[in-house]
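Got some structures for you, see below.
The same chain A turns up in both complexes below, where it pairs with chain B and then with chain C.
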Partner chain A sequence: MTDYYTPFGEREEWNDVKPIEQNDGEHPICPIAYSEEFKDKMNYFRAILKSQEKSLRVIDLLNEIVEDNASNYTVWFYRREVLKAFEENKIDFDIEGEMEFLTDMSESDPKNYQVWNHRRFIFEHYFAHKDNGSEKEKEYLNNMLLSDSKNYHAWSHRQWLLKTFKQWSGELEYVDKLLSLDHRNNSAWNHRYFVLSNTLSFPFGKDIIDREIEYSLRSIKLSPNNESPWSYLRGLFKNQKISDYPELLVTLKELKAKYIGCSHVNSLIIDIYEEQSTKDSLEQALVLCKLLSSTVDQIHQKYWNYKHSSIEKQLLAIK
Partner chain B sequence: MTTTNSNEVDHTTNMLKDKHVEYIINLDKKEKSFEYWVTEHLRMNGLYWGLTALNLMNSIDKMNKQELIDWLLSCQKPNGGFGGNTHHDDHLLSTLSAIQILVQFDSLDKLDIDSVVNYIVKLQQEDGSFIGDQYGEVDTRFSFVAILALSLLGHLDKINQDKAVEFINKCKNFDGGYGSIPGAESHAGQIYTCVGALAILNRLDTIDIDNLGWWLCERQLPNGGLNGRPEKSSDVCYSWWVVSSLSTIDRLDWIDNDKLKTYILKCQDNETGGVADKPGDMPDVFHTFFGIAGLSLMGYFDLEHIDPVYALPTKLLDKLNINLPWNKKSKSFAANK
Partner chain C sequence: MTDIDYKGVTKFFERSLNTLPKPYQSGLSNHLSLTYFTVSGLDLLKRQDIIEKEKQNIIDFIYSRQILPSKTNPDVNREYCGFRGANFVGQPYCVNKSHFSVDGETPSTYDFPNLANTYCALMILRIAGDDFSSVNKKAIIDALKCRSQENGSFNSAPKSTESDVRFIFMACAISYMLNDWSAVDIEKTTQFIMDSLSYEFAFGQSPEQEAHGGSTYCAVNSLALMKKLHLILPFKDKFIRWLVNKQITGFCGRTNKDPDTCYSFWIGASLDAISSFNLIDFNLMKMFIQSAQHQVIGGIAKEPSNLPDILHTYMSLSALAIGGDENLMPLNPVLGITQRAAGKEWNDDLLNQLLKNE
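The block that comes next holds the complex of A and B.
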């Protein structure tokens, strides 16, 4: 036990509360040996749950508990109950302070679902309709994603914010910024797709496709073996044909000659050939599969062999 | 086993089965440790991980069945769900673990099945998704967990299966993978849950199998280990999530199994037993389970075979007459051909 911890039993303002000990029965199967401090706090929490007290001192107690263990969802749930009671009874509460507390919590424990979930509640109820509310939340998220640009929770929160409150403007520029810092950031590529698919409809128009082909190729040229822009590029053609963009195939063939060891460029060319589904294109696809399985991408030999045999079947079917 | 000297076994080529068994059965004696009490609310999951790992090593009899069942039943709440521990709120995740534990103790009859079914059914939302608890977190993980639990209890017909499939399909991404909610990035853990749910609901046909298989086999890194997303580092937990997904869609040979085996073996702790997330890290029960389950699925070291969807020994599922058309080691496989 740390020296400076004052047990709740010795705190004057908690005199009136009788703590409730955890009852594990006489012979607990899985006896839980908490640290003494945590046990003390939970004893008081149990008492509060029973009395359903909703006061400022309860928030203090809850702060101390979640600082030890942020994953206890009952504690967070009760916290929201307390906040709702404050609102109903018009009890003055520093909601900005609540948001700052959450920011601190998420900085020390950035992958805790409960913290993010609570933040969503607080934002929606108290900040969403304020001037610059969404902008500030985006700023916070920018900071979180600056320290870990792949934090799944931060991305989910951002996507929820954009979608729920229609905050799409500036997002593509934001993705540009992240990708200029790290063009291998798959989360950012996913986000670009998320923004496009939520603001446009499928199939994407020719202008968009042309723009995005150029965008992906720019990144591909920086590191041709980076799988993210390749997946992104391939994903753009939902509900339409890649072979409708013949100039792309020309470019890919050029890249193929340049990036000898790159499986992705070959893979996309094979997809286009398969889509064209002519005798000639399928035969060319077979040559590429052989090349990949024997030299370029031996580690995925089984995959390319599989691809080879399925294209062979396709070829037989059209002959 | 080959020994390097009289006591020491080379853990980069051998599986330290005895040590892992010892590691797991000693876990509950570590109650004084910090990680013990911070994971207190996850005890039910922890028991499932430990118990299943023991089962795969044919050592489940080392656990005290009666005591554990008594404790487990004390975690059930009046609403039918199970908490992670005696004094914790119910959660869908701990409810599934409780069911998976009872299956392994051949004790499903101890369960008031209707109350559990009722609890799970209520977690389905209008859009077909599932929440994990009364506080409303939606995640494809919960779709899987609910579907798996109901299937084990024989009550899949109590939910809207078409809607459940519809929601999972909304979480399918342009790269063939799946995320936690619509639009969220593909992640190997989420892929395992989506593929598993679709398998149980007999809708593997909705998966873009070659595209997904390619994405999954791209997760293998030069060190043999697997990552969960592009450009992330390898971690033993993906030895389960990626391997089970590949196995369910019948593409397990698209990764180098031998290299992955070596990676998992290197993550073993040759002093204490147990498996860590990465070579040289501290072991924990979570990664111990995932490492052993991965080895079992790939067919190494004469382990009991685990089903890639239900994450339980295949022979127990066969006993329950559960249909496993994706599982070549199951008696139901031949019947489906």
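The block that comes next holds the complex of A and C.
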């Protein structure tokens, strides 16, 4: 940008504004070596806050400021104040352009809380109740997640959108699509859980559990060491007992024999044994802890030794 | 195994204390967090001599960020008290230790404090040895009451719609340090945290979100500050498993993500809160951190071959300190400052809470 930057003092349309410098005293701690451009823009920002001018040229100034100060809450807050004033005074403003600007911002700085925050405000205030408003927002999110399918902000915005505007249709297919591209995408797994628990009764019924066991096992068969579907499978039983599904244990034992180097299958079997909490099941769990700590999962050896001693205590308690 | 270059990293923080290079201008509005990483980093590196030399400048500088209630009409800016990140909206530089804003001065409508800067300000003051006597505690707690949300969470700043476990942690840390919990509805806040426990048995940023190392740190350490850690016990082993499974070499912050040095701290401190830090492979974590240290600049990056920054440097050192690294001061990971700075009372009260109950 440096090559093209014209200081505000040299811009004719700004010559009525007197810039205000930042004052950090004689002994600033950790002072930032601001660029001249940055100082220049902020000097005019301070002047605008003082005069409380709310005009189109202020939006131009704010556009330039967020280029290198996108996480500044005050800058975005003032932007919303200016937009509010436009609305009240019926000043013509291109709100579609505002949304495009935000789309560009989120592409260059996809993890900025303030950009996402401002987007939510603009969407809610100006677009949510338009025809296809939330569908278009979903399309935007599809694009964002195409470039980074694990962006926490994008997922958070999507969850909010779905819940607030009841846009549940097509979501499970969307998860399928993402998982077919990358079955290790844990955000997509979390999303499947989110959609199911919001659209079905919770705790899940037997038919759903059976279907979702199948779903996770299909993915597990593609790569047994993928933690995500294992975690999802175990999570299905939230607020109910895994041991109420005895056929699952049978399946897991088969998989254990097949996937010798897989820690997750052993780990889930241990959970079931612990839940059964009989002398026999706990003793079998101890054998698995030993197996995991000595060969299958040595990087987490200390954890499995800890788990071993924790199950030993349970065994003593029931004896 | 080559070791961390402790001299190099000390120089990195010494330089930061004098000047932060241009890229940090994007962090202007959270400048007190940058100051906290630097000052607390030097403290961790046993350079109390530098802090001692700068003590008065540091304390005055932090007080110049305090937003105080108007003396004549305290209600006019009740919601706006606390600490701002920097004087960037045109405030005069003013080290005011009187608990009230200068007489007759109308506070600026756009002079916003936020919880992150307030939390960092209090910790920097503690590190520098200030006794909080010029902190207007009542004004901060009154403002914190305005941040509190119906669902038990807190928002970050006046008029902000951001509210999640990050701000719960900051609200708890502020309440703890000021020894006044009247702004926190402990039952509701605890419920919000427990509702943020995902099916993976770790915490997301808010209910139903994906389990995340940073959110998990905030959730668990808020429970520690509120003395509610026993709520972890029913799923403690599954929780530990999620945490230790995040170790690849260094730690990643979510299932199936790449390791990043800062999660050594977020995950490590979550483990430490339940006295289980010893369950990780410390040497492997240290090797990852060492490989992310820049040989010339001295700072530590988020991953090898990236440029270092003060956040990742501070978080990496903090994780090493939890493991008892002899080149560093012992850490109080619940608050995020050295045990020296926290002092005996806070250490005795906050550390090893579950062990004490056993």
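The definition used in the following text is that the second predicted complex is superposed on the first by the 306 of 319 C-alpha atoms of A that agree within 3 Å, B and C clash if a C-alpha of one lies under 4 Å from a C-alpha of the other, contacts with A are read in each partner's own complex, and residues count from 1 in each chain.
Assume contacts are C-beta pairs under 8 Å (C-beta built on N, C-alpha and C of every residue); 3 or more make two chains touch, one makes a residue touch a chain.
What you see is a predicted model; the values in this text were computed from it and never measured.
S.K.: Put chain B and chain C onto chain A via the superposition and say whether they clash or fit.
M.R.: clash
S.K.: For A:77, decide between first (touching chain B), second (touching chain C), both and neither.
M.R.: The answer is both, since A:77 touches chain B and chain C.
S.K.: Contact-wise, after the overlay, does A:117 reach chain B, chain C, both or neither (first, second, both, neither)?
M.R.: both
S.K.: Looking at the overlay, does A:49 come into contact with chain B only (first), chain C only (second), both, or neither?
M.R.: Only chain C; A:49 stays clear of chain B.
S.K.: Would you mind checking which one, chain B or chain C, touches more residues on chain A?
M.R.: C
S.K.: Please work out whether A:302 is in contact with chain B alone, chain C alone, both, or neither, and reply first, second, both or neither.
M.R.: both
S.K.: Is A:232 contacted by the first partner chain B, the second partner chain C, both or neither?
M.R.: A:232 sits against chain B and chain C alike.
S.K.: After the superposition on A, what does A:136 contact: first (chain B), second (chain C), both or neither?
M.R.: neither
S.K.: Once the shared chain is lined up, is A:20 touching chain B (first), chain C (second), both, or neither of them?
M.R.: Second partner only, chain C.
S.K.: Using the superposition on chain A as set up above, list the residues of chain A that contact both chain B and chain C.
M.R.: 22, 24, 28-35, 38, 68-69, 71-74, 77, 113, 117, 150, 152, 155-156, 159, 184-187, 190, 193-194, 197-198, 227-228, 231-232, 234-236, 238, 267, 299-300, 302-303, 306-307, 310
S.K.: Which chain C residues qualify as touching chain A in the complex?
M.R.: 16-22, 24-31, 34-35, 38-39, 54, 57-58, 60-61, 64, 86-93, 95, 108-110, 112, 114, 156-157, 159-162, 198-200, 205-206, 208-212, 237-238, 240-242, 244-245, 247, 254-257, 276, 278-281, 284
S.K.: In their shared complex, at which residues does chain A touch chain C?
M.R.: 20, 22-25, 27-35, 38, 42, 45-47, 49-50, 52, 68-75, 77-78, 113, 117, 120-121, 150, 152, 155-156, 159, 184-187, 190, 193-194, 197-198, 226-228, 231-232, 234-236, 238, 267, 271, 299-300, 302-303, 306-307, 310
S.K.: Which bits of chain B are touching chain A when the two form their complex?
M.R.: Where chain B meets chain A, its residues are 28, 31-32, 34, 36-38, 40-41, 43, 67-68, 70-71, 74, 85-89, 91, 133-137, 173-175, 179-181, 183-187, 210, 213-215, 217-218, 220, 229-232, 253-254, 256.
S.K.: Which residues of chain A touch chain B in the complex?
M.R.: 22, 24, 28-35, 38, 68-69, 71-74, 76-77, 113, 117, 150, 152, 155-156, 159, 163, 184-187, 190-191, 193-194, 197-198, 227-228, 231-232, 234-236, 238, 267, 299-300, 302-303, 306-307, 310
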